[in-house]
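Please see the structure below; I have some questions.
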Amino acid sequence: MAERILKNISSRGLKNAVKGNEYRREASISYGILIGGYILFQILAAAGLIGHNLQGQFVPICVYISLAVSLNLVVGISGELSLGHAGFMAVGAFSGILMSRILGQSMSFEPAIIIISMLFGALIASLAGFVIGIPILGLRGDYLAIVTLAFGEIIRNFMNVLYFGFDGNGRLRFAFNHTIEGVENNDRIITGAIGATGTKTMATFTWGLLLCLFTVFIVLNLKNSKQGRAIMSIRDNRIAGESIGLDVRKYKLMAFVVSAALAGMAGCLFGLNYSTLVPVKFNFNTSVLILVFVVLGGVGNIWGGIIAAALLTVLPETFRQFADYRMLTYAIVLILVMICTYNPAIKARITGIWAKINPVKKKSGSSGKGKGKKSRKGAA
Amino acid sequence: MADKKDMRDERHDIDISDSGHAYENRQEIYYNDNVGGRAVFVDSKEQYDPDEPYNDQVFIPEKDRDKAPILQVKNLGIDFGGLTAVDNFNLTLGRTEIGGLIGPNGAGKTTIFNMLTKVYEPTRGEIFFDGKSTKGMTTVDINKAGMARTFQNIRLFDKLTVEENIKVALHHTTNYGLIDGMLHTPKYRHEEFRIRKEAMKYLKIFGMTKTADYRAGSLPYGAQRRLEIMRALATKPKLLLLDEPAAGMNPSETSELMETIREIRDRFQIAVFLIEHDMSLVMGICEGIVVLNYGRVIAKGWPEEIQSNPKVIEAYLGKSRGKMEEEEEKEKADIEKALRKGRLESAASGKPDRKEGE
Amino acid sequence: MKKNWTKFVVVALSCMMAFMLAACGGGGSSDAGEASPVLLGNTGPLTGPAAIYGNAVKNGGQLAVDEINAANPDGIQLAWQAEDDEADGEKAVNAYNKLMDDGMKVFIGSTTSGSCVAASEKAFEDRVFELTPSASQVAVTEGKDNVFQLCFSDPNQGVAAADWVVANMADAKVGVIYNNASDYSAGIFDKFKAQYEASGKQLVAVEAFSDDANTDFQAQINSMKNAGADFVFLPIYYTPASNILIQADKIGYAPTFFGVDGMDGILTLEGFDTKLAEGVMLLTPFIATAEDEATQNFVAAYKDAYGEEPNQFAADAYDCVYAVYGAMNAAGLDASASHEEICEALIAQFAGDYVASGVTGAEMEWNEAGEVNKTPNAMVIENGVYVPVK
Amino acid sequence: MNLLTNIISGLSLGSVYAIIALGYTMVYGISKMLNFAHGDVIMIGGYMSFVMTMYMGLNGWLALLVAMAICTLLGITIERLAYRPLRGTGSLAVLITAIGVSYFLQNIALLIWGANPKMFTSLFKGMKPIHAAGGQLTITMESVFTILANIVIMILLTLFVNKTKAGKAMRAVSEDNGAAQLMGINVNQSISLTFAIGSGLAAVAGVLMLSAYPVLMPTTGAMPGIKAFTAAVFGGIGSIPGAMIGGLILGIIEIFSRAYISTELSDAIVFACLIIVLLVKPTGLLGKKISEKV
């Protein structure tokens, strides 16, 4: 009987079936892009072929890659729309900066400062993720999205009234208004809306790469573990997930908290790349920007997100030649790219044209048309 | 975050490694009266009286009488708004019984499954699963207690592979924590290796090992149904609830399925309770059958009894007994059509319904 | 097909990447030939909510450069390039780097403080002389020997405002409405409060708003009214200030409003009923309606070129260009000097005795910390024009 | 008296949110997409009205009609060019496109009208405010008309949706797109109509909002847009009365938290209230319960 069923399956159905497990492939492509890109750009930079503009973007690109990958954990793998990722980035950035300043008083070994600050940023951001996640993860779909948006705004609003500084004895103190007891105004580290100033910029491209590798490592590993499978199965079918004994809230929360921690880490490196950082930076637009990376790279597709994050960070810079029309061009490109990647008819046409001009012509086009669509559409 | 190692490891400690052989030895198993034989009722002459509140212990196959029943349902009922969907439902299911739940469309069969698995909270009545009341338990608790189900409109994890679908079901017996999962420690590797082998063993039951790497959502319909059963089974249940397992299958697939269900019961020594419109399957493997109409039990008994029960025929045909013979002929054709149609309908409704859930 | 699609995406993306590399990398090669003008660079918000300030600086700088080039065809020729930074530190660094790629010799600062702090850090590392027209935060210049401000620093403004109020409005009940999401506004308020309270007085009411909620000020105005404030300090830009004036007028609340340099521009707001601004006081170094010749020429030329009244930002940028040009001439530099040479020479000038005059100040001098020394004037709006407070 | 003043300004601000929220809620109901460009349609409406009155010398009310017509066209065009090609590909892709459209509108406005803010002339300029309680209480005409407009629009819209053929078709499409199509309803037309109405109302909201809070900039619509979206969710997204109630409550909470709690944290308080409401009623105040057939 078994043989018969198999024959049935292979003769009728499997023609249209899609191979699904591509972890190895996904991992090798992701790591390959990151390491290859790093080596390539280091060489180009050493050879003097890259201008200041692009070199200056190495760290932010890495940060955005890391943010895109971590947001993918929520949007792609857990299947929930989050519009407040920048909030966690902010928490990580400001707590990481604080930690770096505290450590900076007694330490001068930068790698240790960076690592401890990033871990601290991740810890605080994951706590924020946990506190926020517990009440809201019972919500569904767009309602969850609006609540994440709300929390992102609340975090930022809160940052606007948060003041930190060292008092005379080098101890950290904080307040919710301008005057912190015992702290000279010049010794303030974080000053509400003015943000953090006087941060020692320690971030380098290499740290950026390490951050990206670590993020990708965690997310891919998680995806390919029992927890990741539980998260994805709840995404695919919540009721079936419950029916096989998966605690929906627990696994949604897990994805949310891990994602927040990674975002906090990335935020910390971002904070350490600029001597000043204002809370306004982490507004709704930044959250959306990260979401754009994820959607454009293909929801759930890690390496797609990496490429999209890198390209879309650089893109507005290359549009500087359009001067006044820069952001307009960006908007138009964004709309066109979305339509071209997601509209089925246009996509089929592009794929068709590409198949014709494809330099490596393989006669393996036996598979059905709709598949690429299906797999890329993701958890939309 | 290591998950509590629960009792289900020991639950069916049956070696399923040689499932390949099981198929070869099938002949033997099916003709073994002790295990696969037809249920014998204590007093089969006595007709089931639906109006008597709780009269039901007697309907247990002989082989299960010395063991406590796996499931006892007393006066179960549920209202939606003012509408009573199910009322006064009683059931006792033997430890290794294959029970059937039939009835016309909209009779409330799936609602009963949903109450058993706590997708819906019953308005009235009690459910005792494995001797314990399920009051206050959630769907998750129910599964952990040892009840697993499939769905009428298939609910697979579409974007996961076939193998992963089984592995998810093995979640609670996979013994490593979040940190192991994120860092892929040796413990992770060891456990993953083990559950991969175990998942393959489950896939072997339906001969689906070669499809292991395909996305579940891209499988043909019949294979999806089988995978769903495997997934439920992999949670190591004591009771397996199957909601129209043969919907959308052709007759030969159905008879294969029938044999496999029986084999699963025999090998794992679990109870199976199934909803089905395909009478050949129901009559072929069910030991006890409950017939539901308008949310109420109208008949209980063994297959032959049910087949000849006037109330059942009335439920399916409407009041046709007193009519002319030719009309009866026509009605009979209709019944067959209706039964077949029921099957097709439920098959057709599978896909669009699933979309809603996403 | 799926493979094909993926491949297409990969190839398309790589092409884009290559294009970008070419676009980004290409700029670095511009060498300082004899004929090439000295490039002055600026970053500011040319898009987004703060675009008004960035565009004003961009226009003011361009005007000055055009004037200088036209007036001195034989002297050092200048070029002006303003890049968009969306008032964002990250983008400001990008824009600054773009300017470096394009061969910038002197950095006429970032327009807004937040982004300027980030960019001046880079300018300090790269040894590019920086004179910011309008980034008023202390952190902009702090610890950087090559960074100078042409505007007041926020604390100086706050202190000056407080001193003025204490001296001239001794009996006033003072309330403050400030923007707690703006570093400029919060910075001034911070010092104002400290200085004012140091004189032994208390503010009767303090209210804040944020950029996200800058439309409805009823609550803040009511709070001022209820606290009996008859003198309301508005250390904010003129856009929200105009809103406050309108809404206060609607409920018939008419205290004396007192602004700082950000208030300038309120009279030229298109569609604004200037009657509402009658009696508003402000402490500012620049007023577009000033009688002196330099200002009038500047205003006329600006209106001619851009069709609108210049505001304080445009004036600051205009002065920046002239100040840098003057200092370069004073140091005897020529157009072929590298940005490091220019930087050292200009530091010597600015930290030394160099005096510049322009439309925002007659005799501006700088100290080593990079702060400018000029006196703000207290002005009051009467009949739609600024007149000095008597 | 203070309390009354605050209630009135809350209702007035809330009415603006409510009218904007209508656009969000109707579009969401019919096409299940979050149209983040809606706030920028308000801004365009404001600029149109401004241009008509200031440069073309039109009467304010006529200018409002022109602005409505232009925004209606704009809404239909946006839907046709940017959203329709992506229909059925999941809400995320459309969400990102909507954000692209939002950037586009903001930057087009920046190029056309420049970065300098314009002061919008109130539609009710010259009308005397109502003074009550011996001058203690002042009610501006802007408040009165905004609140009235909100009520009138709500009644008309409810009648339209429930009584007219086109309105019923819209409801059918939002209930079940596929079934509506099978019943012979032109889905494209219904969706276009929804965008048209939503965008037309956005112009009204823009003019009313700018009459009360007159600063007009290319980014003017962004924050009210987000707040109105919050209001729509507050009331239960997809529900027309929900949008009204959500908008009014949001406006009152915002004004009250500013007046009595903290001006610095008023936004945080508004969003916190939203979260609390959603925790108690996961689909908003008047939202339909989502139930899933098992």
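Labels for the chains are A, B, C and D, by order of writing; each one numbers its residues from 1.
Note that a residue touches a chain if its C-beta (ideal position, glycine included) is under 8 Å from a C-beta of that chain, and two chains touch if they have at least 3 such contacts.
Everything numeric in this text was worked out from a predicted model, so none of it was measured.
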Furthest chain, CA centroid comparison against subunit B: C
A-C or A-D, whichever has more C-beta pairs in contact: A-C
Between subunit A and subunit C, centroid-to-centroid distance (C-alpha), Å: 34
Euclidean distance of C-alpha centroids - subunit A vs subunit D, Å: 31
Chain centre separation (subunit A, subunit B; CA means) in Å: 43
Euclidean distance of C-alpha centroids - subunit B vs subunit C, Å: 74
Contacts with 2+ other chains: residues of subunit A: 18, 153, 157, 160-161, 239, 324, 327
Numbers and ranges of subunit B residues touching at least 2 other chains: 119, 151, 357
For subunit C, residues that touch 2 or more chains besides their own: 46-47, 180, 210, 212
Residues of subunit A touching subunit D in the complex: 75, 81, 135-136, 138-143, 145-147, 149-151, 153-154, 157-158, 160-161, 239, 284, 288, 291-292, 295-296, 299, 324-325, 327-328, 330-332, 334-335, 338-339, 341-346, 377-378, 380
Subunit A residues within the subunit C interface of the complex: 18, 44, 48-57, 60, 153, 157, 160-161, 178-179, 185, 191-195, 197-198, 201, 270, 274-281, 304, 307, 310-311, 314-318, 320-321, 324, 326-327, 347, 350-351, 354-355, 358, 360, 364-365, 367-369, 371-372, 375-376
In the complex, subunit A residues that touch subunit B: 1-6, 8-10, 12-14, 16-21, 218, 221-222, 225-230, 232-233, 235-248, 254, 258, 300, 374, 379
Complex interface listing, subunit B residues touching subunit A: 20, 23, 26, 117, 119, 138-140, 143-144, 148-149, 151, 155-161, 163-165, 167-169, 171-172, 174, 176, 178, 180-184, 188, 191-192, 195, 204, 206-208, 210-211, 213-223, 226, 231-232, 234-235, 253, 256, 259-260, 354, 357
Interface residues, subunit C side, partner subunit D - complex: 46-49, 51-52, 54-55, 180, 207-210, 212-216, 218-220, 222-223, 226, 239-240, 242-243, 246-247, 250-252, 269-273, 308
